[in-house]
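Right after this note come the structures.
Each of the next two complexes has chain A plus one other chain: chain B in the first, chain C in the second.
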Partner chain A sequence: MKETPLSICEKQTVIQGVKEGQRVDGRSLSEQRKTCITFGTEWGCCQVLLGNTRVMAQVSCSVQVPKSSRANEGMLFINVEMSTMAAEHFEAGRLGQQGIEVNRLVERCIKDSRCIDLESLCILVEEQAWEVRVDIHVLNHEGNLIDAATLAALGALCHFKRPDVTLDGRDVIIHQLDERDPVPLTILHHPLTLSFALFNQGKTCVLDPTNLEERSADGKLVMGLNAYRELCTLQISGDGVFIHKEAVLSCANVAASRAVQMVEMLKNSLADDAAERAKGKYTGLVNSVALETERITTQSQAEVYFKAPKHKVEVLDKEQLPITKTKLINDQGVVTLETSCDVSSSESDMEIEPLPSVAVKKIEPLPSVALKKRVHEEIDIGNDSEEETVMLVTSDLT
Partner chain B sequence: METEEKSIRALKCEQSVLSRADGSVMFSQGNTVVMASVYGPLEAKIQKELSDRMYIELNYKPKIGMPGVAERGKEKLIKTTCNHIILTNLHPRTAVCITVQEMQDGGTLLAASINAVCLALLDSGLPLQCLVAAVTCLVDKKDRIVLDPCINTVKEGYKAMCTFAFDSQKYNMILSHCEGQVPYQLFQKAMELCQKASHVIFDFYRQAVLRKFSKELL
Partner chain C sequence: MAEKSFSTHVNQIYLPGDSVALSKTDEISSAKIVIGPGIRKYGKQILVTKPGVLRTKASPATYWIDCHHKRYVPARGDDVIGVVTNKVGESYKVNIGSSEEASLSSIAFPGATKKNKPNIQIGDLVFAKLLIASIDMEPELVCVNSLGENVGLGVLSTSGFLFTVPLHHIRKLLNPECTLLKSLGKALSFEIAVGMNGKIWIKAKSVKQTIALARAISISEHMNKEEMNKLCRKFVDRQAGF
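== the complex of A and B ==
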């Protein structure tokens, strides 16, 4: 399906607002949306929420023959998947212009900045090496896919662990995950991208644009930086946009301090995940179903027990062919979920008490929506550049 | 009739998770997490247009790599189930686009996908004939029936794994899919068990809808 066209008045509103230093969602020009990073049960699964933009990345690995030109290195393959789930104009299995742009930028930021030590992925020179594959699934497109995709890919790579390998002469033994502790990838630095939408002929730069802003903007400036404030990627796109040298430098300053914070946040999320895993009974993404508590519905394990007809399983004799039951369903349409039951009859599944009926439980009154106050506070972010960048940070107080 | 306690794993869902889709849901059943989105009714492509009913496009996306034969198989099963529950003749010459994204594999992906698609359809407000609930059960090597098995049980090996889907009106069977060999009697018992378990899922749907609308009224 075609993308819904953008009306002129919508576009004008955004442009006029940016001229006055205002944005549709109430952020300041150099403010990012709320970022949330969650991990799955498998190693190398990372979901990133950037406002409403949602991206998931999964890392996997396999043993391959290394390239003859780089015989002592493993391989890194990055694949971006966009399906109709993310937006109506995306087609499953076919990357459009936008998809190719995202794929290439993520590749440039992560692969070309050589943040993964590929030499450590080599098992036997010219014979065997690990190929690490990153699949990035775009789940919801609400602008700034590039930043979300890079963050998800980096998060997944940091989280990933590959099976351990030992060499016995020239025989390669790959240990299963339960056999020996898996090995994390060697990550040399953490590059991230930060995108700016360019308005007003490149005079105004807007950090972390939404879909509406991206479509109304003249162009886009993408910066890839790591936590050491080193530039890894730089791209300016758009039709006939001129951008001043000073504007690029000030954007770089803003982006650098943001990148430091983002990497810090990613490391904190990884540490939280590791602590959660150590506790045992880790459920991964199941927790992220409850990201917005007002919208979820849960049925706890205690409520899903029901009375089932008891089955005696006997080994069938050859003479005793099963009699074909014509009537499959005895009590059609009748929900037999009575509370009273013969407890003594069950001998195997006795760990829980008979529970009250599974019938719809009365939903407890929802807590009245607390008025959310947005408090703006000015925070000085100490950085080593000559001019200090003052940033606006909002915090939601409930 | 003798009874015994059985359970399916904890269910959890979040409706309208995606801002762009007409209907979307993130559904978890135990450790299995699936996301489903529905767009529609949309303008159908000329070659896909059906003159008397709606065309259903279904994409199942695996976590790793491109969709292969296994994924196409799942797509087909979910699609036939959808064909049965959506009132397709109400919207001729249009298309509905359903996407299922596997997010975490905790066993029983097919059943979880069908349940997620049903919740997403419910969220989108597309006219449906009935709801559908799918339950998987497994016949292990000692001929025991394990209802709604988790990934560790599946990995231990099994004789057969059966998935059944039932409608919400008369709890009749819509879909039956079986991998492996199973004696007929056991198959029948497994089906009966799954049919009972489907009531729990329908109750869960009811709760989900109640929750959604009670929030919107606030």
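== the complex of A and C ==
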């Protein structure tokens, strides 16, 4: 299916808004969307939510014969999958221009920056070495796939553990996971990318662009950095886009400070995951569903009282939910189903009669949670405050 | 799953595959019953095909399932907003978010003749009514009524902003009981076109105001009346500079 076309008025509003320092989703020019990192039950499974962009990465490994040119090194393979589920114009099995760009940039950021110590993956020189494979699946595309994909790949690599290996003469013994504790990969530094959309002939750069901003922009600037402020990747793309030297430097400064925060966040998430695993009550990616910013139903629960819900709803305790560093839990962390979607059904007919006795098994009424008040996330509308820092002052550049 | 009668189980959650039966009163009265989206007659059974809440409307008794949707399925008579993607001979191709692009004849505008056609660029927005919406045919749009008169449809200005919301939110906004747009209008003057396909075009005096309004409308998706009123009060305060 074709991508929904971009109308002239959307593009104009985005461009004009950026000129005035105003973004369509209310962020400031150098503000990222809410980021959330969750890990699966398997080793090396990581899901990243960047606003509504959702990317999952899974690392796997196998024993292979190393390349003859690098006989004492293991191998790292990065693969990106973009299915129609993520966006209507993606085709399963075919990457397309955008997919190849994502794949290559993730490769450049992670593989070419040599953040994984490949020599430690060698088992027997010229004979056996581990091949580590990272499969990146784009689950939802709402802009800035590159940043989400690199963060997911890096998270998955940090989380991954390979089976332990011992040598008996020239015989290689690969130990089962329950036999010997698996070994994590040796990660030398944590590189990740930060993307900027370029507007106003390269004078204004916008961090973490949404899909609409990406499509309205003149071009894109992708920077790969690690927590030591070292630049690993730099790419500028777009049709005949200009960018000022000062703009690149200023972007690099913004990106470097963000990269430090992001790596910090990744390490915290990994530590939380390890702590939860140590306690043994681990739920995997289930938690990321509760973090979903979108909900299916509408009315506040105080008004709708279910005497007999048809389908029993699992209510998670507040304690069971992960308290992530990003504070993405919008509600009280309670997943519940509610009825009623429009205002037309007035509040008076909300009392539902109990089911007749013939109707299926005994159903318990929802616990008191149903009456808990929903607290809406405070969302600033029409932010009038002058706090947003315009990253690049145009007058300086001339 | 045990069979449920329609009328006693309005506002309950149903999942695909659940069956619903007519209640005694429904069967006795010979009045017609209309089953709408999400419910299907399958042999003698009436089955639910979408997960959602059972809704009803009186005279003629209509039942349907209300669920969360983003993808628009064209229905005759709906007012929709579309993006012009191509010009083919005498007609335009318009993307209205459905599986197939709709066509809009260049003479289906008020006052248009073969020689006097409206000036439409690719990428422009049109607010139009669906004349044909059949599963086997390309949807067709018009911007006039059956007498060829102007009924407020046509090309939308390029200085506004277009955004998309889920379909149930559109139904909520267009409900006569919903006061959100009126209350927002008290704070700021704006022009708005609400399409049944989930697209909203809005234009205020400045880009800043347009963006603020668009955000206020988007975040009201899961709000009830009271919460909407609260949002509006906050919005008015913001605009007044508090």
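The rule is simple: the second predicted complex is superposed on the first by the 290 of 398 C-alpha atoms of A that agree within 3 Å, B and C clash if a C-alpha of one lies under 4 Å from a C-alpha of the other, contacts with A are read in each partner's own complex, and residues count from 1 in each chain.
The rule we apply is simple: a residue touches a chain if its C-beta (ideal position, glycine included) is under 8 Å from a C-beta of that chain, and two chains touch if they have at least 3 such contacts.
In this text the structure is predicted, and so the values were computed from the model without any measurement.
Is A:V24 touching anything from chain B or chain C once the two structures are fitted on A? First, second, both or neither.
second
So which one touches more of the residues on chain A, chain B or chain C?
B
Output check: A:E10 vs chain B and chain C. Expected answer is one of first, second, both, neither. What do you get?
In the superposition, A:E10 touches chain C alone.
Thinking of the overlay built on chain A, is A:A275 touched by chain B (first), by chain C (second), by both, or by neither?
In the superposition, A:A275 contacts neither chain B nor chain C.
If I apply the document's touch criterion, which positions on chain A are contacted by chain B in one structure and by chain C in the other?
1, 295-300, 309-311, 337, 341-342, 345-346, 349-350, 352, 358-360
Across the complex, what residues on chain A touch chain B?
Checking each residue of chain A against chain B gives 1, 40-42, 45, 47, 52, 54, 56, 58, 60, 81, 83-88, 92-93, 133, 135, 137, 139-142, 283-286, 288-292, 294-301, 304-311, 313, 315-316, 322, 324-325, 328-329, 332-333, 335-337, 341-342, 345-346, 348-350, 352, 354, 358-361, 363, 366, 368-369.
Given the complex with chain A, which residues does chain B contribute to the contact?
1-21, 24, 26-28, 30-31, 33, 35, 37, 39, 42-43, 57, 59, 61, 63-67, 97, 99, 101, 103-106, 143-145, 147, 169-173, 183-186, 188-189, 191-193, 195-197, 199-200, 203-204, 206-208, 210-212, 214-215, 218
Inside the complex, what are the residues of chain C that reach chain A?
Checking each residue of chain C against chain A gives 1-2, 4, 8, 10-15, 52-53, 55, 66, 68, 83, 85, 95, 97, 99, 121, 123-125, 156-163, 168, 171-172, 175, 177-178, 201, 207-212, 214-216, 219, 221-227, 231, 234-235, 238-239, 241.
Which of the residues in chain A come into contact with chain C in the complex?
So the residues of chain A touching chain C come out as 1-2, 4-13, 16-17, 20, 22-26, 295-300, 303, 309-311, 337, 339-346, 349-350, 352-353, 356, 358-360, 376, 379, 381-382, 384.
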